[in-house]
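Everything on this sheet refers to the single structure shown next.
A, B, C and D label the chains in the order they appear, each numbered from 1.
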Amino acid sequence: MEQIPNIDINTPIEMLNAVNQNTLMGQLGIEYTAVDEQSVTATMPVDKRTTQPMGILHGGANLALAETIAGLGSALYIDLNQFTAVGSQVAANHIGTATSGLVTAKATIIHQGRRTHVWNVDICNDQGDLISSCRVTNMIIER
Amino acid sequence: MEQIPNIDINTPIEMLNAVNQNTLMGQLGIEYTAVDEQSVTATMPVDKRTTQPMGILHGGANLALAETIAGLGSALYIDLNQFTAVGSQVAANHIGTATSGLVTAKATIIHQGRRTHVWNVDICNDQGDLISSCRVTNMIIER
Amino acid sequence: MEQIPNIDINTPIEMLNAVNQNTLMGQLGIEYTAVDEQSVTATMPVDKRTTQPMGILHGGANLALAETIAGLGSALYIDLNQFTAVGSQVAANHIGTATSGLVTAKATIIHQGRRTHVWNVDICNDQGDLISSCRVTNMIIER
Amino acid sequence: MEQIPNIDINTPIEMLNAVNQNTLMGQLGIEYTAVDEQSVTATMPVDKRTTQPMGILHGGANLALAETIAGLGSALYIDLNQFTAVGSQVAANHIGTATSGLVTAKATIIHQGRRTHVWNVDICNDQGDLISSCRVTNMIIER
(Lines give C-alpha, C1' and ligand atoms only; values in the text may rest on other atoms or scores of the structure.)
Protein backbone atom coordinates (compact mmCIF):
# COMPACT_ATOMS: atom_id res chain seq x y z
CA MET A 1 0.00 0.00 0.00
CA GLU A 2 1.89 3.00 -1.25
CA GLN A 3 0.79 6.03 0.70
CA ILE A 4 0.83 9.80 0.46
CA PRO A 5 4.04 11.61 1.42
CA ASN A 6 4.29 13.97 4.39
CA ILE A 7 1.58 12.73 6.70
CA ASP A 8 1.80 12.03 10.40
CA ILE A 9 -0.51 11.88 13.41
CA ASN A 10 -0.83 15.68 13.36
CA THR A 11 -2.17 15.78 9.82
CA PRO A 12 -5.81 16.96 9.88
CA ILE A 13 -8.28 14.10 9.44
CA GLU A 14 -9.99 16.00 6.59
CA MET A 15 -6.73 15.91 4.64
CA LEU A 16 -6.32 12.18 5.23
CA ASN A 17 -9.87 11.60 4.00
CA ALA A 18 -9.56 13.99 1.04
CA VAL A 19 -7.06 11.82 -0.84
CA ASN A 20 -9.40 8.82 -0.63
CA GLN A 21 -12.04 10.31 -2.90
CA ASN A 22 -11.23 8.32 -6.05
CA THR A 23 -10.23 5.11 -4.33
CA LEU A 24 -11.64 1.92 -2.84
CA MET A 25 -12.18 3.88 0.37
CA GLY A 26 -14.34 6.44 -1.38
CA GLN A 27 -16.23 3.66 -3.10
CA LEU A 28 -17.07 1.99 0.23
CA GLY A 29 -17.72 5.21 2.15
CA ILE A 30 -14.83 4.63 4.57
CA GLU A 31 -13.99 7.75 6.63
CA TYR A 32 -11.15 8.13 9.13
CA THR A 33 -12.38 9.64 12.38
CA ALA A 34 -9.33 9.72 14.66
CA VAL A 35 -5.61 8.94 14.72
CA ASP A 36 -3.08 8.94 17.55
CA GLU A 37 0.25 7.36 18.44
CA GLN A 38 -1.17 3.87 18.81
CA SER A 39 -4.42 3.70 16.89
CA VAL A 40 -6.53 4.71 13.91
CA THR A 41 -10.33 4.78 13.91
CA ALA A 42 -12.72 4.89 10.96
CA THR A 43 -16.34 4.30 10.05
CA MET A 44 -18.01 2.55 7.11
CA PRO A 45 -21.70 2.64 6.16
CA VAL A 46 -23.78 -0.54 6.01
CA ASP A 47 -25.70 0.03 2.77
CA LYS A 48 -25.74 -1.14 -0.82
CA ARG A 49 -22.07 -0.17 -1.15
CA THR A 50 -20.97 -2.72 1.45
CA THR A 51 -23.63 -5.41 1.74
CA GLN A 52 -24.28 -8.69 -0.03
CA PRO A 53 -27.56 -9.49 -1.84
CA MET A 54 -29.47 -10.23 1.39
CA GLY A 55 -28.68 -6.78 2.79
CA ILE A 56 -26.17 -8.01 5.35
CA LEU A 57 -22.73 -6.42 5.68
CA HIS A 58 -20.26 -8.34 3.49
CA GLY A 59 -17.35 -9.77 5.47
CA GLY A 60 -15.05 -8.63 2.68
CA ALA A 61 -16.02 -5.02 3.34
CA ASN A 62 -14.79 -5.45 6.90
CA LEU A 63 -11.50 -6.81 5.62
CA ALA A 64 -11.09 -3.84 3.28
CA LEU A 65 -11.82 -1.51 6.18
CA ALA A 66 -9.32 -3.29 8.43
CA GLU A 67 -6.52 -3.26 5.89
CA THR A 68 -7.24 0.40 5.10
CA ILE A 69 -6.81 1.73 8.61
CA ALA A 70 -3.85 -0.51 9.44
CA GLY A 71 -2.22 0.78 6.24
CA LEU A 72 -2.87 4.39 7.16
CA GLY A 73 -1.54 3.82 10.65
CA SER A 74 1.75 2.35 9.43
CA ALA A 75 2.13 5.22 6.93
CA LEU A 76 1.64 7.74 9.75
CA TYR A 77 4.33 6.13 11.91
CA ILE A 78 7.15 5.93 9.35
CA ASP A 79 9.11 8.48 7.33
CA LEU A 80 7.53 8.08 3.91
CA ASN A 81 10.52 9.64 2.19
CA GLN A 82 12.58 6.70 3.35
CA PHE A 83 10.14 3.81 3.79
CA THR A 84 6.95 2.32 2.42
CA ALA A 85 4.43 0.20 4.31
CA VAL A 86 3.11 -2.74 2.32
CA GLY A 87 0.21 -4.94 3.42
CA SER A 88 1.64 -8.42 3.67
CA GLN A 89 -0.66 -10.69 5.66
CA VAL A 90 -4.21 -10.48 7.01
CA ALA A 91 -6.07 -12.91 9.28
CA ALA A 92 -9.60 -12.27 10.49
CA ASN A 93 -12.46 -13.84 12.40
CA HIS A 94 -16.00 -12.78 11.57
CA ILE A 95 -18.11 -13.22 14.69
CA GLY A 96 -21.14 -11.02 14.16
CA THR A 97 -22.90 -8.91 11.59
CA ALA A 98 -24.64 -5.63 10.82
CA THR A 99 -27.57 -4.73 8.59
CA SER A 100 -27.79 -0.95 8.93
CA GLY A 101 -26.09 2.16 10.24
CA LEU A 102 -22.34 2.47 10.48
CA VAL A 103 -19.64 0.10 11.62
CA THR A 104 -16.69 1.50 13.53
CA ALA A 105 -13.20 0.03 13.26
CA LYS A 106 -10.29 0.67 15.57
CA ALA A 107 -6.77 -0.42 14.62
CA THR A 108 -4.29 -0.69 17.49
CA ILE A 109 -0.63 -1.42 16.84
CA ILE A 110 0.60 -4.47 18.75
CA HIS A 111 4.09 -4.66 17.26
CA GLN A 112 5.97 -1.69 15.86
CA GLY A 113 9.22 -3.22 14.63
CA ARG A 114 11.76 -2.00 12.11
CA ARG A 115 10.67 -4.51 9.47
CA THR A 116 7.03 -5.18 10.33
CA HIS A 117 4.05 -3.55 11.97
CA VAL A 118 1.34 -5.84 13.34
CA TRP A 119 -2.10 -4.35 13.97
CA ASN A 120 -5.17 -5.62 15.76
CA VAL A 121 -8.35 -4.26 14.19
CA ASP A 122 -11.68 -4.64 15.99
CA ILE A 123 -14.86 -3.73 14.13
CA CYS A 124 -18.13 -3.09 15.97
CA ASN A 125 -21.67 -2.50 14.75
CA ASP A 126 -24.03 0.28 15.90
CA GLN A 127 -25.00 -1.76 18.95
CA GLY A 128 -21.37 -1.96 20.01
CA ASP A 129 -21.09 -5.69 19.27
CA LEU A 130 -17.72 -6.90 18.04
CA ILE A 131 -18.42 -8.28 14.56
CA SER A 132 -14.89 -8.82 13.18
CA SER A 133 -11.47 -9.02 14.75
CA CYS A 134 -8.51 -8.85 12.37
CA ARG A 135 -4.74 -8.98 12.41
CA VAL A 136 -2.94 -7.06 9.69
CA THR A 137 0.82 -7.39 9.11
CA ASN A 138 2.51 -4.61 7.14
CA MET A 139 6.09 -4.86 5.94
CA ILE A 140 8.19 -1.72 6.27
CA ILE A 141 10.41 -1.52 3.21
CA GLU A 142 13.17 0.94 2.30
CA ARG A 143 12.37 2.92 -0.80
CA MET B 1 -23.18 -14.42 4.04
CA GLU B 2 -26.83 -15.11 3.44
CA GLN B 3 -27.31 -16.08 -0.17
CA ILE B 4 -30.03 -16.30 -2.78
CA PRO B 5 -32.25 -19.40 -2.72
CA ASN B 6 -32.31 -21.96 -5.52
CA ILE B 7 -28.90 -21.62 -7.09
CA ASP B 8 -26.47 -24.36 -8.02
CA ILE B 9 -23.64 -24.93 -10.46
CA ASN B 10 -26.11 -25.07 -13.36
CA THR B 11 -27.50 -21.60 -12.65
CA PRO B 12 -26.55 -19.28 -15.54
CA ILE B 13 -23.64 -16.96 -14.65
CA GLU B 14 -25.69 -13.94 -15.76
CA MET B 15 -28.27 -14.75 -13.09
CA LEU B 16 -25.58 -15.09 -10.41
CA ASN B 17 -24.16 -11.70 -11.44
CA ALA B 18 -27.56 -10.03 -11.73
CA VAL B 19 -28.32 -10.17 -8.01
CA ASN B 20 -25.03 -8.41 -7.23
CA GLN B 21 -26.04 -5.12 -8.80
CA ASN B 22 -26.80 -3.21 -5.60
CA THR B 23 -24.13 -4.79 -3.45
CA LEU B 24 -20.44 -4.58 -2.56
CA MET B 25 -19.76 -6.72 -5.63
CA GLY B 26 -21.45 -4.23 -7.93
CA GLN B 27 -19.59 -1.40 -6.24
CA LEU B 28 -16.21 -3.08 -6.90
CA GLY B 29 -17.06 -4.35 -10.39
CA ILE B 30 -16.70 -8.00 -9.39
CA GLU B 31 -18.11 -10.39 -12.03
CA TYR B 32 -18.34 -14.16 -11.80
CA THR B 33 -17.00 -15.83 -14.94
CA ALA B 34 -17.27 -19.57 -14.27
CA VAL B 35 -18.47 -22.08 -11.69
CA ASP B 36 -18.11 -25.83 -11.47
CA GLU B 37 -18.14 -28.61 -8.88
CA GLN B 38 -14.86 -27.55 -7.31
CA SER B 39 -14.24 -23.92 -8.17
CA VAL B 40 -15.57 -20.43 -8.80
CA THR B 41 -13.81 -17.84 -10.96
CA ALA B 42 -14.37 -14.08 -11.09
CA THR B 43 -12.73 -10.88 -12.29
CA MET B 44 -12.36 -7.44 -10.73
CA PRO B 45 -11.19 -4.23 -12.40
CA VAL B 46 -8.11 -2.37 -11.20
CA ASP B 47 -9.36 1.21 -11.30
CA LYS B 48 -10.52 3.96 -8.97
CA ARG B 49 -13.12 1.58 -7.51
CA THR B 50 -10.46 -0.79 -6.16
CA THR B 51 -7.18 1.10 -5.81
CA GLN B 52 -5.60 3.17 -3.05
CA PRO B 53 -4.50 6.80 -3.52
CA MET B 54 -1.28 5.84 -5.39
CA GLY B 55 -3.25 3.94 -8.03
CA ILE B 56 -2.20 0.50 -6.85
CA LEU B 57 -4.75 -2.27 -6.24
CA HIS B 58 -5.82 -2.18 -2.58
CA GLY B 59 -5.12 -5.45 -0.77
CA GLY B 60 -8.55 -5.13 0.84
CA ALA B 61 -10.20 -5.31 -2.58
CA ASN B 62 -8.52 -8.68 -3.08
CA LEU B 63 -9.86 -9.87 0.26
CA ALA B 64 -13.39 -8.77 -0.67
CA LEU B 65 -13.04 -10.60 -3.97
CA ALA B 66 -11.76 -13.75 -2.26
CA GLU B 67 -14.52 -13.84 0.33
CA THR B 68 -17.12 -13.16 -2.37
CA ILE B 69 -16.30 -16.12 -4.57
CA ALA B 70 -15.74 -18.51 -1.68
CA GLY B 71 -19.14 -17.46 -0.36
CA LEU B 72 -20.81 -18.04 -3.72
CA GLY B 73 -19.13 -21.42 -4.03
CA SER B 74 -20.37 -22.63 -0.66
CA ALA B 75 -23.88 -21.38 -1.46
CA LEU B 76 -23.82 -23.34 -4.73
CA TYR B 77 -22.81 -26.56 -3.02
CA ILE B 78 -25.43 -26.64 -0.22
CA ASP B 79 -29.23 -26.80 -0.12
CA LEU B 80 -30.08 -23.20 0.74
CA ASN B 81 -33.52 -24.19 1.98
CA GLN B 82 -31.85 -26.13 4.74
CA PHE B 83 -28.47 -24.47 5.29
CA THR B 84 -26.68 -21.13 5.20
CA ALA B 85 -22.98 -20.55 4.53
CA VAL B 86 -21.43 -17.91 6.77
CA GLY B 87 -17.93 -16.48 6.28
CA SER B 88 -16.10 -17.31 9.47
CA GLN B 89 -12.35 -16.92 9.02
CA VAL B 90 -10.05 -15.49 6.35
CA ALA B 91 -6.25 -15.61 6.11
CA ALA B 92 -4.35 -14.12 3.19
CA ASN B 93 -0.86 -13.38 1.93
CA HIS B 94 -0.36 -10.46 -0.43
CA ILE B 95 2.67 -11.22 -2.59
CA GLY B 96 2.31 -8.98 -5.62
CA THR B 97 0.29 -6.15 -7.03
CA ALA B 98 -1.55 -4.72 -10.02
CA THR B 99 -2.00 -1.21 -11.37
CA SER B 100 -4.29 -1.69 -14.35
CA GLY B 101 -6.52 -4.13 -16.19
CA LEU B 102 -8.39 -6.90 -14.45
CA VAL B 103 -7.43 -9.32 -11.73
CA THR B 104 -8.74 -12.88 -11.93
CA ALA B 105 -9.54 -14.92 -8.84
CA LYS B 106 -10.10 -18.64 -8.65
CA ALA B 107 -11.54 -20.26 -5.54
CA THR B 108 -10.96 -24.00 -5.19
CA ILE B 109 -12.55 -25.96 -2.36
CA ILE B 110 -9.99 -27.87 -0.30
CA HIS B 111 -12.35 -29.17 2.39
CA GLN B 112 -16.06 -29.74 1.88
CA GLY B 113 -17.22 -30.92 5.29
CA ARG B 114 -20.64 -30.98 6.87
CA ARG B 115 -19.86 -28.08 9.19
CA THR B 116 -17.21 -26.13 7.30
CA HIS B 117 -16.01 -25.44 3.79
CA VAL B 118 -12.38 -24.33 3.38
CA TRP B 119 -11.43 -22.58 0.14
CA ASN B 120 -8.11 -21.64 -1.39
CA VAL B 121 -8.40 -18.47 -3.45
CA ASP B 122 -5.57 -17.45 -5.78
CA ILE B 123 -5.69 -14.02 -7.40
CA CYS B 124 -3.57 -13.17 -10.44
CA ASN B 125 -2.94 -9.92 -12.30
CA ASP B 126 -3.10 -9.42 -16.08
CA GLN B 127 0.45 -10.74 -16.44
CA GLY B 128 -0.56 -13.98 -14.74
CA ASP B 129 1.45 -13.26 -11.59
CA LEU B 130 0.00 -14.56 -8.35
CA ILE B 131 -0.65 -11.42 -6.26
CA SER B 132 -2.72 -12.79 -3.36
CA SER B 133 -3.33 -16.25 -1.97
CA CYS B 134 -6.17 -16.58 0.53
CA ARG B 135 -7.86 -19.18 2.69
CA VAL B 136 -11.54 -18.65 3.43
CA THR B 137 -13.41 -20.77 5.99
CA ASN B 138 -17.21 -20.80 5.76
CA MET B 139 -19.40 -22.34 8.41
CA ILE B 140 -22.36 -24.35 7.17
CA ILE B 141 -25.26 -23.69 9.53
CA GLU B 142 -28.75 -25.18 9.65
CA ARG B 143 -31.44 -22.60 9.09
CA MET C 1 -9.23 -31.76 20.59
CA GLU C 2 -11.23 -34.29 22.58
CA GLN C 3 -11.00 -33.43 26.24
CA ILE C 4 -11.48 -35.01 29.63
CA PRO C 5 -15.04 -35.14 31.04
CA ASN C 6 -16.10 -33.26 34.14
CA ILE C 7 -13.74 -30.32 34.28
CA ASP C 8 -14.59 -26.68 34.82
CA ILE C 9 -12.91 -23.56 36.14
CA ASN C 10 -13.09 -24.92 39.68
CA THR C 11 -11.13 -28.06 38.86
CA PRO C 12 -7.76 -27.94 40.67
CA ILE C 13 -4.88 -26.97 38.38
CA GLU C 14 -2.93 -30.05 39.50
CA MET C 15 -5.71 -32.26 38.14
CA LEU C 16 -5.72 -30.42 34.81
CA ASN C 17 -1.96 -30.87 34.56
CA ALA C 18 -2.00 -34.50 35.70
CA VAL C 19 -3.78 -35.79 32.61
CA ASN C 20 -1.14 -34.19 30.36
CA GLN C 21 1.66 -36.48 31.48
CA ASN C 22 1.74 -38.78 28.46
CA THR C 23 0.88 -36.17 25.86
CA LEU C 24 2.39 -33.43 23.69
CA MET C 25 2.03 -31.12 26.66
CA GLY C 26 4.13 -33.35 28.87
CA GLN C 27 6.68 -33.69 26.10
CA LEU C 28 7.06 -29.89 25.83
CA GLY C 29 6.87 -29.21 29.58
CA ILE C 30 3.68 -27.15 29.29
CA GLU C 31 2.05 -26.49 32.67
CA TYR C 32 -1.23 -24.72 33.32
CA THR C 33 -0.87 -22.08 36.03
CA ALA C 34 -4.30 -20.42 36.27
CA VAL C 35 -7.81 -20.59 34.84
CA ASP C 36 -10.81 -18.33 35.29
CA GLU C 37 -14.02 -17.39 33.48
CA GLN C 38 -12.25 -15.58 30.67
CA SER C 39 -8.70 -16.85 30.50
CA VAL C 40 -6.20 -19.68 30.86
CA THR C 41 -2.52 -19.19 31.65
CA ALA C 42 0.37 -21.62 31.22
CA THR C 43 4.14 -21.77 31.08
CA MET C 44 6.56 -23.62 28.82
CA PRO C 45 10.32 -24.04 29.29
CA VAL C 46 12.81 -22.76 26.71
CA ASP C 47 15.21 -25.67 26.52
CA LYS C 48 16.10 -28.58 24.27
CA ARG C 49 12.48 -29.71 24.34
CA THR C 50 11.23 -26.55 22.64
CA THR C 51 14.13 -24.94 20.77
CA GLN C 52 15.55 -25.31 17.27
CA PRO C 53 19.18 -26.25 16.58
CA MET C 54 20.50 -22.73 17.31
CA GLY C 55 19.01 -22.81 20.83
CA ILE C 56 16.23 -20.32 20.07
CA LEU C 57 12.61 -21.06 20.98
CA HIS C 58 10.91 -22.73 17.99
CA GLY C 59 7.87 -20.78 16.76
CA GLY C 60 6.03 -24.07 16.45
CA ALA C 61 6.38 -24.65 20.19
CA ASN C 62 4.55 -21.37 20.74
CA LEU C 63 1.77 -22.50 18.42
CA ALA C 64 1.44 -25.79 20.30
CA LEU C 65 1.27 -23.86 23.56
CA ALA C 66 -1.35 -21.47 22.18
CA GLU C 67 -3.59 -24.20 20.83
CA THR C 68 -3.22 -26.15 24.08
CA ILE C 69 -4.50 -23.46 26.39
CA ALA C 70 -7.24 -22.28 24.04
CA GLY C 71 -8.37 -25.90 23.82
CA LEU C 72 -8.41 -26.28 27.60
CA GLY C 73 -10.31 -23.02 27.97
CA SER C 74 -13.05 -24.09 25.59
CA ALA C 75 -13.31 -27.46 27.31
CA LEU C 76 -13.73 -25.71 30.67
CA TYR C 77 -16.55 -23.50 29.39
CA ILE C 78 -18.77 -26.17 27.80
CA ASP C 79 -20.63 -29.21 29.11
CA LEU C 80 -18.38 -32.01 27.90
CA ASN C 81 -21.15 -34.55 28.18
CA GLN C 82 -23.00 -32.69 25.47
CA PHE C 83 -20.33 -30.93 23.42
CA THR C 84 -16.76 -31.23 22.20
CA ALA C 85 -14.39 -28.39 21.37
CA VAL C 86 -12.32 -28.99 18.24
CA GLY C 87 -9.41 -26.78 17.15
CA SER C 88 -10.39 -25.50 13.74
CA GLN C 89 -8.25 -22.53 12.74
CA VAL C 90 -5.09 -20.88 14.07
CA ALA C 91 -3.40 -17.65 12.96
CA ALA C 92 -0.29 -16.29 14.62
CA ASN C 93 2.33 -13.58 14.38
CA HIS C 94 5.79 -14.26 15.77
CA ILE C 95 7.30 -10.93 16.80
CA GLY C 96 10.05 -11.81 19.24
CA THR C 97 11.96 -14.70 20.67
CA ALA C 98 13.39 -16.36 23.77
CA THR C 99 16.55 -18.33 24.43
CA SER C 100 16.19 -19.35 28.08
CA GLY C 101 13.86 -19.50 31.04
CA LEU C 102 10.13 -19.92 30.69
CA VAL C 103 7.61 -18.36 28.37
CA THR C 104 4.17 -17.50 29.73
CA ALA C 105 1.04 -17.69 27.61
CA LYS C 106 -2.33 -16.17 28.40
CA ALA C 107 -5.42 -17.12 26.39
CA THR C 108 -8.35 -14.71 26.63
CA ILE C 109 -11.68 -15.55 25.03
CA ILE C 110 -12.84 -12.85 22.60
CA HIS C 111 -15.92 -14.63 21.25
CA GLN C 112 -17.87 -17.25 23.16
CA GLY C 113 -20.57 -18.28 20.71
CA ARG C 114 -22.72 -21.36 20.50
CA ARG C 115 -20.82 -22.75 17.51
CA THR C 116 -17.35 -21.23 17.90
CA HIS C 117 -15.00 -19.91 20.53
CA VAL C 118 -12.32 -17.45 19.39
CA TRP C 119 -9.30 -16.95 21.64
CA ASN C 120 -6.50 -14.44 21.67
CA VAL C 121 -3.28 -15.95 23.02
CA ASP C 122 -0.36 -13.68 23.92
CA ILE C 123 2.97 -15.31 24.74
CA CYS C 124 5.72 -13.39 26.58
CA ASN C 125 9.32 -14.24 27.40
CA ASP C 126 11.02 -13.88 30.80
CA GLN C 127 11.65 -10.19 30.11
CA GLY C 128 7.94 -9.62 29.60
CA ASP C 129 8.30 -9.00 25.84
CA LEU C 130 5.42 -10.16 23.68
CA ILE C 131 6.95 -12.80 21.38
CA SER C 132 3.88 -14.35 19.75
CA SER C 133 0.28 -13.27 19.41
CA CYS C 134 -2.16 -15.93 18.20
CA ARG C 135 -5.82 -16.36 17.37
CA VAL C 136 -7.30 -19.82 17.90
CA THR C 137 -10.79 -20.73 16.66
CA ASN C 138 -12.43 -23.78 18.24
CA MET C 139 -15.63 -25.28 16.91
CA ILE C 140 -18.16 -26.38 19.51
CA ILE C 141 -19.75 -29.58 18.25
CA GLU C 142 -22.59 -31.66 19.69
CA ARG C 143 -21.49 -35.14 20.63
CA MET D 1 14.32 -19.70 13.18
CA GLU D 2 18.11 -19.50 13.03
CA GLN D 3 19.42 -22.44 11.04
CA ILE D 4 22.63 -24.33 10.47
CA PRO D 5 25.21 -22.85 8.06
CA ASN D 6 26.18 -24.53 4.80
CA ILE D 7 23.12 -26.53 3.91
CA ASP D 8 21.32 -26.72 0.59
CA ILE D 9 19.10 -29.13 -1.30
CA ASN D 10 22.08 -31.44 -1.92
CA THR D 11 22.84 -31.86 1.78
CA PRO D 12 22.16 -35.49 2.79
CA ILE D 13 18.85 -35.91 4.64
CA GLU D 14 20.66 -37.75 7.46
CA MET D 15 22.74 -34.63 8.10
CA LEU D 16 19.66 -32.41 8.17
CA ASN D 17 18.03 -34.76 10.68
CA ALA D 18 21.18 -35.18 12.77
CA VAL D 19 21.20 -31.60 14.03
CA ASN D 20 17.63 -31.94 15.28
CA GLN D 21 18.46 -34.44 17.99
CA ASN D 22 18.33 -32.08 20.97
CA THR D 23 15.52 -29.90 19.71
CA LEU D 24 11.75 -29.64 19.49
CA MET D 25 11.97 -31.78 16.35
CA GLY D 26 13.72 -34.57 18.21
CA GLN D 27 11.22 -34.29 21.03
CA LEU D 28 8.28 -34.75 18.61
CA GLY D 29 9.95 -37.41 16.45
CA ILE D 30 9.89 -35.21 13.33
CA GLU D 31 12.09 -36.60 10.52
CA TYR D 32 12.79 -35.00 7.16
CA THR D 33 12.31 -37.48 4.33
CA ALA D 34 12.93 -35.48 1.13
CA VAL D 35 13.93 -32.03 -0.09
CA ASP D 36 14.04 -30.51 -3.56
CA GLU D 37 13.93 -27.11 -5.24
CA GLN D 38 10.31 -26.49 -4.37
CA SER D 39 9.39 -28.66 -1.43
CA VAL D 40 10.33 -30.34 1.84
CA THR D 41 8.70 -33.49 3.18
CA ALA D 42 8.76 -34.90 6.71
CA THR D 43 6.99 -37.38 8.94
CA MET D 44 5.85 -37.23 12.57
CA PRO D 45 4.61 -40.10 14.74
CA VAL D 46 1.14 -40.08 16.27
CA ASP D 47 1.90 -41.29 19.77
CA LYS D 48 2.21 -39.97 23.31
CA ARG D 49 4.77 -37.42 22.10
CA THR D 50 2.24 -35.68 19.85
CA THR D 51 -1.27 -36.48 21.08
CA GLN D 52 -3.61 -34.89 23.60
CA PRO D 53 -5.08 -36.78 26.57
CA MET D 54 -7.70 -38.58 24.46
CA GLY D 55 -5.01 -40.08 22.21
CA ILE D 56 -5.82 -37.89 19.22
CA LEU D 57 -3.09 -35.99 17.36
CA HIS D 58 -2.78 -32.49 18.87
CA GLY D 59 -3.36 -29.74 16.32
CA GLY D 60 -0.40 -27.90 17.81
CA ALA D 61 1.90 -30.77 16.84
CA ASN D 62 0.82 -30.26 13.24
CA LEU D 63 1.63 -26.56 13.49
CA ALA D 64 5.08 -27.34 14.89
CA LEU D 65 5.64 -29.78 12.03
CA ALA D 66 4.48 -27.23 9.44
CA GLU D 67 6.66 -24.45 10.76
CA THR D 68 9.63 -26.83 11.00
CA ILE D 69 9.66 -27.90 7.38
CA ALA D 70 8.86 -24.44 6.01
CA GLY D 71 11.77 -23.14 8.08
CA LEU D 72 14.12 -25.80 6.74
CA GLY D 73 13.02 -25.10 3.20
CA SER D 74 13.72 -21.39 3.46
CA ALA D 75 17.12 -22.11 5.02
CA LEU D 76 17.96 -24.43 2.11
CA TYR D 77 17.08 -21.80 -0.50
CA ILE D 78 19.10 -18.86 0.87
CA ASP D 79 22.78 -18.20 1.49
CA LEU D 80 22.97 -18.60 5.25
CA ASN D 81 26.19 -16.65 5.45
CA GLN D 82 24.30 -13.60 4.24
CA PHE D 83 20.68 -14.15 5.29
CA THR D 84 18.51 -15.68 7.99
CA ALA D 85 14.98 -17.01 7.59
CA VAL D 86 12.69 -16.10 10.48
CA GLY D 87 9.20 -17.54 10.94
CA SER D 88 6.89 -14.55 10.91
CA GLN D 89 3.28 -15.62 10.38
CA VAL D 90 1.38 -18.89 10.37
CA ALA D 91 -2.24 -19.58 9.45
CA ALA D 92 -3.74 -23.06 9.48
CA ASN D 93 -6.99 -24.96 9.07
CA HIS D 94 -7.39 -28.27 10.88
CA ILE D 95 -9.81 -30.39 8.88
CA GLY D 96 -9.18 -33.93 10.00
CA THR D 97 -7.32 -35.98 12.54
CA ALA D 98 -5.14 -39.01 13.21
CA THR D 99 -4.93 -41.47 16.09
CA SER D 100 -2.05 -43.73 15.11
CA GLY D 101 0.79 -44.27 12.69
CA LEU D 102 2.67 -41.40 11.07
CA VAL D 103 1.51 -38.15 9.54
CA THR D 104 3.30 -36.87 6.46
CA ALA D 105 3.75 -33.18 5.76
CA LYS D 106 4.75 -31.59 2.48
CA ALA D 107 5.77 -27.94 2.30
CA THR D 108 5.64 -26.34 -1.15
CA ILE D 109 6.90 -22.82 -1.71
CA ILE D 110 4.27 -20.57 -3.27
CA HIS D 111 6.20 -17.29 -3.12
CA GLN D 112 9.98 -17.07 -3.11
CA GLY D 113 10.62 -13.33 -2.83
CA ARG D 114 13.65 -11.38 -1.70
CA ARG D 115 12.05 -10.40 1.60
CA THR D 116 9.58 -13.22 2.25
CA HIS D 117 9.00 -16.87 1.49
CA VAL D 118 5.40 -18.12 1.68
CA TRP D 119 4.86 -21.88 2.04
CA ASN D 120 1.83 -24.07 1.75
CA VAL D 121 2.08 -27.10 4.04
CA ASP D 122 -0.37 -29.98 3.67
CA ILE D 123 -0.39 -32.70 6.31
CA CYS D 124 -1.98 -36.09 5.68
CA ASN D 125 -2.66 -39.06 7.93
CA ASP D 126 -1.85 -42.71 7.18
CA GLN D 127 -5.04 -43.04 5.15
CA GLY D 128 -3.94 -40.18 2.93
CA ASP D 129 -6.62 -37.79 4.25
CA LEU D 130 -5.66 -34.13 4.41
CA ILE D 131 -5.85 -33.26 8.11
CA SER D 132 -4.22 -29.81 8.23
CA SER D 133 -3.43 -27.21 5.60
CA CYS D 134 -1.12 -24.40 6.69
CA ARG D 135 0.45 -21.24 5.32
CA VAL D 136 3.81 -20.25 6.77
CA THR D 137 5.42 -16.87 6.02
CA ASN D 138 9.16 -16.57 6.65
CA MET D 139 10.98 -13.26 6.53
CA ILE D 140 14.38 -13.29 4.85
CA ILE D 141 16.64 -10.95 6.80
CA GLU D 142 20.20 -9.82 6.14
CA ARG D 143 22.59 -10.92 8.86
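Basically, contacts are C-beta pairs under 8 Å (C-beta built on N, C-alpha and C of every residue); 3 or more make two chains touch, one makes a residue touch a chain.
Quick caveat, the model's predicted, so the values are computed rather than measured.
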Pair joined by the larger number of C-beta contacts - B-C, B-D: B-D
Of all other chains, the one whose Cα centre sits farthest from chain C: B
Chain centre separation (chain B, chain D; CA means) in Å: 30
Gap in Å, rounded to a whole number, between the CA centres of chain D and chain C: 21
Inter-centroid spacing, chain C versus chain B (mean Cα positions, whole Å): 33
Junction residues of chain B - those touching two or more other chains: 88-89, 91, 93, 116, 137
Complex interface listing, chain C residues touching chain A: 91, 93, 95, 110-111, 113, 116, 118, 130, 133, 135, 137
Of all residues in chain D, those that touch chain A in their complex: 88-89, 91, 115-116, 137, 139, 141
In the complex, chain D residues that touch chain C: 1-4, 19-20, 22-28, 48-54, 56, 58-61, 63-68, 71, 86-94
